[in-house]
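Lettered A, B, C and D in written order, each chain numbered from 1.
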């Protein structure tokens, strides 16, 4: 299968991991999700991210999920392989690349500080994984407590040729995109694909700043596809119109801790997941919170006809 | 002047501190801001909060700003008096209460950990300030790194009778409001006023969860007033309609670090501030960012006729 | 094999995980270490702690290490089973308890905040592991960023009957020991065993404050055994004499990040480890640092005749 | 009075701020402290550091303390001027330099992240204070949460000519000293004076690694003077002998939070301070803790004849 490249564009949907009520991986729902992502127009799928509950999976479960998805779709699949040790990272990478993944994503350990150590960490990752494995750099300070300046990303991009993509979820992050594109224009770093996270909370402007798209798990990836498409075509007002319609729900989903519960609940209401169960420990939605989401869905449905709910 | 009570409701606008281009306090703009807040229908004003650049003011400047505002308005005024030592906190409190402030607000020091120490810290504050000074507890984990559970807030409310208000800006925070109101209903804590911050990012639902209103600095306090009013009257759809219209801009203003620059820029464009200058060190807006805000204002103007801009 | 009890005393040596130069687990050195710990007079062994590089081991390696040690010694063995999800924690616990471990140790996830959530987390752990598995609560704020007050430990001790031991490594921590023993005397919590960590940096006074001993990995566990023994017998001066002799080296070993490298280097020089290799990523010693350790060993050897070095 | 230079050596004693039981600054004790520091052989004095309770002083008190000390001694005096805003920093700097201070010390704000922003922050400081004011860079990650790599210190040293000294208290920090001295030897940065903090916990080796001395507040500065002197003269064993004798007490004093209470208690017992009072909020010593310190002093007195106690 094709490897991830510096030219990657569009929307990589970050898939949650479906579980049944007993906590087992629900492969039926996973298959349904993959089919849904394809029909929604995404250009790739990301598995085993933070919100995929990856740290709660065994190595065996993780590789089985990846294998399952790779058998169902021809879309490029990026797999999160972050681990405390390079050995475990290499083992999982070897398995998923052999199964056909397009690349792997690595988040920094939350104790990493100073530009020099951040660069050294990713040089070590590339040494461990080998030059031929496309690498996605995950830049998510709110979650990982590691802050990367544009210049440290440029250093990594120069030092690690296999690093072809930035998963950008700094907050605020708009100036960072501009700074990186300026670095590229000035020849200070090679071009990398920039896909934005953070649930898409700033995707309207990120797309206009030069991002190549989104890599995030918002429960209506159709909107992400719309915004990236409109922005690429210069349809600014249309881009903001559809974005703004979704923003009240998107903002609700983007709450730390409870966000995954919101996402799974909506995906269950959309008929994609049989259950919104999470593995323990977890955050849960109160009945009040579910009613709030229902209200947001009802209001969204008046503006976006794709909101069809079950149950 | 009347003191702050447990029954306080509505919107307390958090005022930025206007500076001129040389960094001096701009009292003309400050007066204009106060008049504007009154005309916008707020029920109180908060001075010297984090976004009021309070830590960058001298004691003399701080008391002069408070005196100035108190001479101009009969609205209740809350003053931020957070300080590393109780002595400085007491000195500023004495000055502003003598000048007619309605109460003071105290944020926790960012190294405070464990329920016991949080409660002890606020007991010490009340000891230092005296029982007769109404106290606002500021709960803002994203900024202060101090997380307060509902039960620790209940303990403070029981242990510190002068604590009459919570400035609520936990994120996520909806369940916290419900939990506190349940504690009150169960007699586990006395009633306190709950005014919500975070720029108002969840005010639509916070008002429905039982919050008494907002205490925040969003650049269109008119919207905050609308939402609190609609919610109090049970006009749910109207509340969400006006909230959703402002959400794209509100979300842009709510970015950490750069948010104050956005707020001051909009207030300058609204003719309220003569300059959007901040004291150093500061975050600045790029021309690109200003264009993005202009776009958001233009789009907002189509839905809210109160968007009138100058310059 | 006997289970861990609330009456546990003495020194539980935290074993590093020996690796060979290629990064494979070195079971020969592991066996030698176990024999050494027995001869040094420890009363238990702890495996797979933070400094045992546990996060860098696969599940299979972890269980093999535990099985190996359990076959070699009749000392009680505590196993670190911390994991992001309860499912993985339960799986490893089941395996090691079936193999004969005396109990398991669980550190809090580094995002845990507020007393209520800390208590709920350990209630969840006990639910997941079952009541019959003795649990060691690991309280190490410097490493985990989670601060536990004496009262939250008391709440856990009351709510979780299987929690029989505290691995105490708060800093400062002396008053905490006194507070916990006072709680026990007042009937506010059941007795728990308190074994101290932090490399033993305050063991001289901790033992006098009422701790039952040490659970740490200092490279000369003989000293820890001496101090605990002297303190239990009221030989205060003797306790401080041997402690003070080791303090210069102990302090050097207790440096964050590089400490494990110091420990493995000394254990190699003592003939216990064939190699001081760590799995990647790791901290390394410069030649200058090794010379400093050699100087400390030479100076220590003048006061403690047990310092015999090889290589 | 002479300004601080890149060649500064020896021991700069960080003075606590003496208060009486009512919380007023005790200028008698301050004078006694200054005389004591001179007699102990220090080469400079540092005022208004973190452990000088500087954040709890008013601007007026701070300048009065500095003026008082400058009238009493001809030793160079460094003054901590850290503040949230550059304006306040400049105001205090102007006052103390006019009064005869030798230089000022600035700690980074605790939210500062990434090499670029750290460098920009200190460039801004130098802009605000002016080129002629010697600047001490305070590098204390444990307290300020800001980690500076050797290369970022080198960048600051190149970019800010007035930065003549590093107050080094990273932990671990030995390799950092070697790295900086190597940078200097390679011409990658100008020479700066390196004085070590952290209570002196690694001063024995820091002096051998190339540090110019110590800037810290250990309650027996005589020992710091000894170690720096022995190391400069190549008397390695003598240096370690006196250091090791003090290490048990030094380690006890170096506990976070409670350390200042220990220091003031010992200084009171040495007859230097009339009271060990701190301004609120504060950490206090239990009677048990005081007994532990007394034991350490007794034991130290057997090895260092300068331990003479009163009260």
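Everything below uses one rule, namely that a residue touches a chain if its C-beta (ideal position, glycine included) is under 8 Å from a C-beta of that chain, and two chains touch if they have at least 3 such contacts.
Just so it is clear, the model here is predicted, and its values are computed rather than measured.
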item	value
B-C or B-D - the one linked by more C-beta pairs in contact	B-D
Identity of the chain that, by mean CA position, is farthest from chain A	D
Chain centre separation (chain B, chain C; CA means) in Å	47
Averaged-CA centre spacing for the pair chain D and chain B, given as whole angstrom	38
Numbers and ranges of chain A residues touching at least 2 other chains	none
Residues on chain B engaged by chain A in the complex (per definition of touch)	171-172, 174-175, 178, 201-202, 204-205, 208-209, 236, 240, 243-244, 247-248, 251-252, 255-258, 286, 288-289, 292, 295, 299
Interface residues, chain A side, partner chain C - complex	23, 53, 55-59, 83-88, 91, 110, 121, 124, 128, 279-281
Residues on chain C engaged by chain B in the complex (per definition of touch)	113-117, 141, 147-152
